Structures are given as structure tokens and as C-alpha cells.
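Take this structure first; my questions come after.
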């Protein structure tokens, strides 16, 4: 079994109007090479589900997003994602704004075949009152009202991992896998980009197998793209690219806008992108953030 | 008792008190001053507190802020990735100190959208983040580095990210007493919600700050007791701990112009 | 084609066919014969299958049964503790082959209680285990080592552990076609549910077993096609793989008196 | 902070009628020393929630159980737990019989402050039709019926772990922690017995900290009892005691019944028990099972 494919082949599997989940968290371990491939495509009207960073900002700026399901969009050291703000402030995108934990419950519901998960989270806030996607339910076991977080079913999920084998066994070696396991399980098809392609025997060591967070049947395709998370981080291999994010944010402030960024970085292939940002060695040399 | 301390250090010590009676909960301070407040509390008034490395591990000893040098050994005690953080949030065994953009008289806060319409806000911010879940699950406090009526607004928040003491929004089958907002620490004063019907109450004024200064800069009426004490100055021990937890002096950049603590 | 094979080996090969068209799913065979059937399938007709070590890891290569020697290296590919097994069960990407105590004409099975009342059963067994979830979430097959009308009962199961093709019990908003019971392999024959309205159908008779033998030992009527083939004998390749996967001959103790495969 | 206590002090915290969850799985990593302390006490009318093994069999045989919430009770190599069978066949206990995964959902609901979790699991089976504790609910997002698995709130949970520090940081070093993390989170008070008491610094190594499945605030008490899981296993330290379980099952067949087992093994202290079964070295020498 060989699930290897190219980023272009992954994007060819996606269709206009699909609901696409993107793993990672803010500026951390985002499948940015796959996102760039979407930016290069004519894909449109996507519903994006993400703990958002530049993945969301770029897709919004490029007009790929019809609707965003989110709890935040941030670059951490740049708290407010500039292109996401522009999209919201111009009314360009529909939103389903959730609490971070609610989003996890929604992904779990989808992963576990549940119609919804009832929670008190969101009660009394505008996350419920401004979100037509959220309904209240009663419990047969008490007299309280509860928020029914609907299953966040994904047509596809895009995730970046440290290592994978050709059969779709994926390892996240960094300190946190975030909610990526639930993205993988909530999706009909999960496509991963990996920094390193390894033999299956790499996982024989139980300590390595413990860092595999979903079974291979939940992985539909594997794309080997060293540095594929750039400009987001892939700890412990490389940190996020602070100067690059600053330049990216700068484009939001001047005339050129995202078109300026795209012209500089997204004209050619992923190889062109990597040389434009200094090459793979430069990416691998990016320092890890200190929290 | 030292007279040579900054306003940031005063706020850190005042904010640390918020965690004093918490027992064994996860203290999450977002931002330099709240994080140092939680660290100080763990090292003084409440050693049972739990803190993370702000990434994926629970720590037996809080990390100093900023670069820690190659020889530094982080005192991990358990894995605590983001998915597990929600196990903790929903258990209620947590106290978060956060800095929202707007806070209204109900203690409702806004981290998401300002002005315009919800479909097209004038200013889009972070989003609701974890505020809805935090506010209904566990104790919360706020730190506001620039006390003004643009933060403490007269009306209701443009977007309500966290539940407060607003009877209009009380969910069916629940009581306002289940909401647990503790302290609000600002550059001017300390406040809580112990006024009549959970009204915001003035707890203490920072040295050299007048009651009027606070009232003028707060968009809603405060409950003012007859006696309003002055916020306690940091002790030498507290300042030493803060200095050790913030070796790169990041606290000096948190409040505009890094004022001295005693402005009288 | 070998003529020197045991009934257990015949059943293993027949049961392995259940997994042939599954694609990439977790094959769970509970008991020696189902486990060897899944292992054989993974090594022949469906290399995409997944199997665990029956403890906490997913394997790239199935483990031989029984003591494996100090030099044996288990081919782990991912952690797969019991909590994660349910992530897989609820994804539907699994095919379990189990041995319930009762199976009725609907394919409903019983693993829990026989006779008496539910409050005080005459014979208490395991409990429902994971049968309710398995049966509604993914494909299931059964292995029955002693085909009799005490297993294949004429009425409904005393306790229904798993959902079957019973219109009376169809949940609102669902279709019987969502239930997915594949093969029943016994010491006499192979059956499935491809008869009219999901009636149990006789698929093949083991060598030397008559149709009447099966009908007499089945408590409910079977759908019998005009042509009922004989269950295919194991190939030499299959027997070699089985021998390698079961070095301690545990398969010889699974069916009473370990009969030869061809009883004609 | 020092959460160390004795088994007797743990049992003194429990009250008649409480709902007590017991971690482990069948004959694997059961807090048997704590269970034995309950057997020695006058505690009664307990509701027990367990993936059951001899813990359930013994508590039933000793008349401690009013109600059992279970999906199975088994000793694996002895499939049918003999004393649990007797209790059921004599109608001595009430039961809430669930599917294994349903039980996990119920524990998660309790751990996460949810009133229930809706699932399709159990539909069409007697797990629903014979269980008055389970109600059906509608979903606001579809027209199907769903089983509402109620939160399995526990007054107390009893769990055996490989290692713990005095502050309640617990490590499960074996291949599977089963559902113990959710037992710990579903309970008001979680009491653990540990084979080894360690310094907190033991967990500084991230690889060790990864094997800690709940934060110390979810642990109320720590009892240091080397071999405390016997006769169940505590892999990788020791396997379950096959001859002991065979002898235990034998008592169910002859006149003496459980009284005979109790007379031989439960008259004295835990130290007496351990010498009766051959001592700690013998326990530590029990071979691990091969699956």
C-alpha cells in the first residue's frame, strides 16, 4: 500500500464548497505547503475549520473562504491575524464563531459518529446568540438548558506531521499534537504533509509508536514535503519564521496587500517558495520559540 | 516593605492575591503580569497551585519568563497538551487571569469584535477563544494595564465572549452565583464583584491614585465602600521572587512608560 | 490443494474470506480461529488489513499466537490502547469476528444472560461487552465451533447483545441495510445473510457435511440455494501460513476432538 | 503537599451507598489492595462502576454491592467471573448493563461536566430496552433517535498505578492506561494505590511525564502498596496470578464458597495477605501474559 501523492494531487481531490479542516494551532505545525497549493489552485467557496493562523489569513485573503468555523485566528506574537481581520471587517466571509473547547467537542462528535455533544460552554455568551449553527437542547436527566455542539464533519482534513510512512502511519514528535487526531478522525479523507518519510519499522519501538495518534486507516494521502509547515513551526524540528510573519503582516498594511505577498512568494512552485524564503536549511535552522 | 518598586510589580503582587485561596487549581496567567502573578502566588501564598510551561507540560516549578539558557532543566510533572487543558477547564479546577478588550458592569468581557455589525465588525480581534468555556467552568480574573472607559464601558460588550452576572443572560436552570469572577487588577486599582447584586466594587486604590481618577475612567458606576484601602506595596521577598521569575525585565514593558508603583 | 488438513484449518481459511473485500479496516478476531483467520487474510487476500497485538499496539505484521521467544520483535506501528479502539469502532473501519453463545434468525446475538429473568438469569455470562457498539458501527462475522440449535435458536435471543436484521427493533430514522453482518462460519458450514429480507443463507457445506445435518442443527429456517458448493479446502500456502502463525498448535484445541477437515 | 494515606484511611473516606468507580480492566491493573480493604470493612450498599474482574466478583460475594454498572465481568483466561455469576444468578444485585464504549462515554460525560452524550450505540439491543437508566433523545440536527448515555458521576474512584509522588502525580507505565484517566476525572475523589513512590523530579523527563494521564488535582489520596494490584497484573512489573485466580474460582465451585477464600486470604492485614500468596518477591516474579 502506497498513499504517497503530490500536493497538487491532494488539491485535485478537493472540490469547491467542501468543508476542510486544517490541523495545527495558530502559528504552530500548520500544513502550509498544502495551503499554498490551494492558494495556487482555482478552488473556491470552502468552509474552513481551524484553530487559525496564517492558514486562515491567506485563504481568506485569496478569496478561497466562503465560511470560517473558528474560535480564534492569531499568530501568537502578532496577536491579530491581519488578513483574517480584513476579511471580517469587509464582511467578506460568513463565520461560525465557537469556543476553543466547543470546537474540540464538535470534532469529537464527528469523529465518534455522534450527532452533537451537549455542553454548558457558550451559555450566556454571544457564541450562542450570534451563531445560527448552534441549537439548545434539554437533557432527559435534568431541567437545565444545554448547548448542542453539532458534529463538525469534514470532507477533508489537512495536517502536517513530523514523520510518516508511505502507508499513512503518522508521527507527531513535537510536544503537542493539538487536536490533529480529532481532525484526522472527523474527516472523510485526511491528507498529511510530512517533514520526514520513514520506513514502517521506524515505529516498532513502542516509544515511537506512542507518538502516533491515529491509525493509518484515518490517513488517505501522504505528501513528503520537508519544511512543509513553514512559516509555521514544526517543533522540535524548526520554529516559526518571525521575520517572514512580520513581512507578511506588513503587506496587510501597505498598498500591495496580499497580492504583494503572493507575487513575491506564491508565483512559482513549492521549491521556488522555499528558495525565496532562504531554502530548506534556513527553515530547519529557525529557532524554537520560548514560551 | 520596599518603596522602590514599579507599578507593574505592584500589580503583580496585587494580582497574585487572586490565587491565594484557590487550593490545588491550574493557575493560567495570560500575559507577562498575570503569568508572574500566578508564579508569585505559587511560590508564596499558594504552593498547591499548578502551572504549565504555556506549551504542553505541567510544571512542579514555574518557568522564568524568556530565554532560560541551555543548562535550564524544566520541572515537568505531567503532559498537558491543549486537548488535556480542556479536561482541566471542564473540571472547574482552574483559575485564569486574562486581559479582555472590553469589560462591562456585569463582568462580561469581549475579545472578539468591536463596532459595526457582527457580520461586518469595525474592528475584528482574536475571536471568543476559550472565554465562553472558562467563564462558565471555573474562576476568572482580569488584568487591565490601561484603566479607561474604553475598556470598562458603560453599555454591554459589543460581543459577549464570557458569561458574567447579567440576569438577562442567565441560562435556564442556573444561578448567577455559579459565575465566579474574582479580581480585576488595573494600573489604577483593584476591584471585585462583591458589591450589592454582584456590582463591581472598588477594593483598593494603588498608591497616589484617587477615587475620582478611577470613577472618571470607569464607564459604569462602582460600589465604593466607606473605607477604601491603599493597595499593599510589594515586600522585598516578593520583589526578589518577581526578579528571579522575570530575569529579562519583560515586566518593564507591560504598562506604558513603566511608572513607579507609588505615584503619590 | 491439500487433502491433509484439519476442520479447524478449513474454518480458518473459510473465515479469512470474510475479510477479503474489507480494504483498510481493523480486523479483530476474538479466539484462536477468528484471530488466525484475520492473520491469514492480512497475509494473503487483504494486505491492507490492520491488526493489534490484542493488548495496546497496532501491528504492521500479525503476531504468531502464544509464546514468541525472547528474540521476537513485535512490529508495532501505532499505540492502540482500549480507549483508542473505540475511536476506531465508531469510525466504522473495523470488522470483528466473534463467538456469541446464541444467534437468532435476525443475526441478533447473546453474550450476556440465558434463561430465568433478566433480574435473575439462569445462566449469567460475560455481559454485553462491546457487542452493541460493534454491531451498529461496523461489519461483524461470527464463528461457532459447535453448530447446534442451542446456538442457532428458534426464537429470539434471551438477551439481545447486538443489533441484527429484526424489523421490530429497527431504530427510528435508520434502515436495516445499515446493519452489516457478514459471514457465519461453523464446524458444519458457512452462512451469510443474503437470503430474501436478510434471511440466513447457506453459502457452503464443509466436505462430508450434508444439508440435512445443517438444517437439523439450526433452530430457524435457512435459505438454501439450488446449488450449495463445498467449502474450499485450504491450499498448501494457506496451511503453511497458519502453521507459522500458530506454532504451538493452539488451533488443534478449538473444535472438539480436532476433526479432519474432510469428513466425507 | 502530601496526599499519602493508608488503605484504611481511604476506606474511612467512603460511605455506605456511594458510587465507586474501579479502574483497570478485567484481571489487569486493578486496585485490589484497596478492594481488599473494603472487603475487610463494614461498608455496604455500594454502586460499583467497573470494567470488571475479581474486584467485582469479590465485592459481590462479600455483599458490598447494591448495584453494578458494567459491560462485562471476566478474568480473561477464566472467561466467566464465578462470584459475579452467582450474584447475578441469585438476583442479589441490581445492574445497569452497558456497552464497553457507552461506559467510556458516560465516564467522559461526567469528567467533562456534560449531562449526557448521545450515541447510536445500544440502539436495537437489550442494553437499552432492559436498562431503566438509559433514555432516548432526539437531535436538533436530524430526525433519528439516539441513546443519551448519562454522565457516570462517581463519588470516588479507586485506581492502581505503577508510580506516584506524594503530591498525587501518577504514572501508568504499562502498555495501556485503559479508561483510568476518565475514572480519575469522573470522580469527586480519586484514590490511587501505587507500586512505587517516587520523587517529583522523576517526572521531569518528558518521556516519563507523557505517561502521566491526569494532573495531580484529580488525585485526592496516594497509598503506597507495592504489589497492590495482585492477583491482577501490573504490567510491565508483574502479570496476573493464574494459580491464585484458579484457586479463587475453585472456591466458587465448592461448599466453602467465598467465605473459604476470605478465611484463607482476608483474615489479617495486607501484609498477611502478601505472605499468604508467597510474598512481594513472588508477586513481582509473576510472568507477564502473552496475548
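We just call them A, B, C and D in the order they show up, numbering each chain from 1.
The rule is simple: contacts are C-beta pairs under 8 Å (C-beta built on N, C-alpha and C of every residue); 3 or more make two chains touch, one makes a residue touch a chain.
Because the structure is a prediction, the values reported are computed rather than measured.
Enquirer: Along the graph of touching chains, what's the shortest path length in steps from chain B to chain C?
Expert: 2
Enquirer: What chains touch chain C and also chain D?
Expert: Under the touch definition, chain C and chain D have A as mutual neighbours.
Enquirer: In terms of C-beta pairs in contact, which of A-C and A-B ranks higher?
Expert: When the contacts at A-C and A-B are counted, A-B has more.
Enquirer: Which chain's mean C-alpha position is the greatest distance from chain C's?
Expert: Chain centre farthest from chain C's centre: B.
Enquirer: Measuring centre to centre with CA averages, how many angstrom lie between chain B and chain D?
Expert: Result: the chain centres lie 40 Å from each other.
Enquirer: Roughly how far is chain A from chain B, going centre to centre by Cα mean, in whole Å?
Expert: Computed value for the inter-centroid distance: 30 Å.
Enquirer: Would you pick out the residues of chain D that each touch at least 2 other chains?
Expert: In chain D, the residues touching two or more other chains are 112-113, 120, 142, 144, 175, 206, 210.
Enquirer: Give me the residue numbers in chain B that touch at least two other chains, ranges are fine.
Expert: In chain B, the residues touching two or more other chains are 57, 86, 90, 137.
Enquirer: For this entry, which pairs of chains touch?
Expert: Chains touch in the following pairs: A-B, A-C, A-D, B-D, C-D.
Enquirer: Enumerate the contact residues on chain D facing chain A in the complex.
Expert: Interface residues on chain D, with respect to chain A: 112-120, 135-137, 139-142, 144, 146, 148, 150-151, 175, 206-207, 210.
Enquirer: In the complex, go through chain B and note every residue touching chain D.
Expert: Touching chain D from chain B are residues 24-26, 47-48, 50, 57-58, 60, 73-80, 84, 86-88, 90-93, 137.
Enquirer: Across the complex, what residues on chain B touch chain A?
Expert: Spelled out, the residues of chain B in touch with chain A are 53-57, 66-68, 81-83, 86, 89-90, 108, 112-113, 116-133, 135-137, 159-164, 166, 169-174.
Enquirer: For the complex, give me every residue of chain A touching chain B.
Expert: Residue positions touching the partner: 25, 70-74, 79-80, 84-85, 88-91, 97-102, 104, 120-127, 129-130, 142-145, 175-179, 182, 290-291.
Enquirer: Which residues of chain A touch chain C in the complex?
Expert: Chain A residues touching chain C: 1, 111-113, 165, 169, 181, 185, 200-201, 203-206, 209-210, 212-218.
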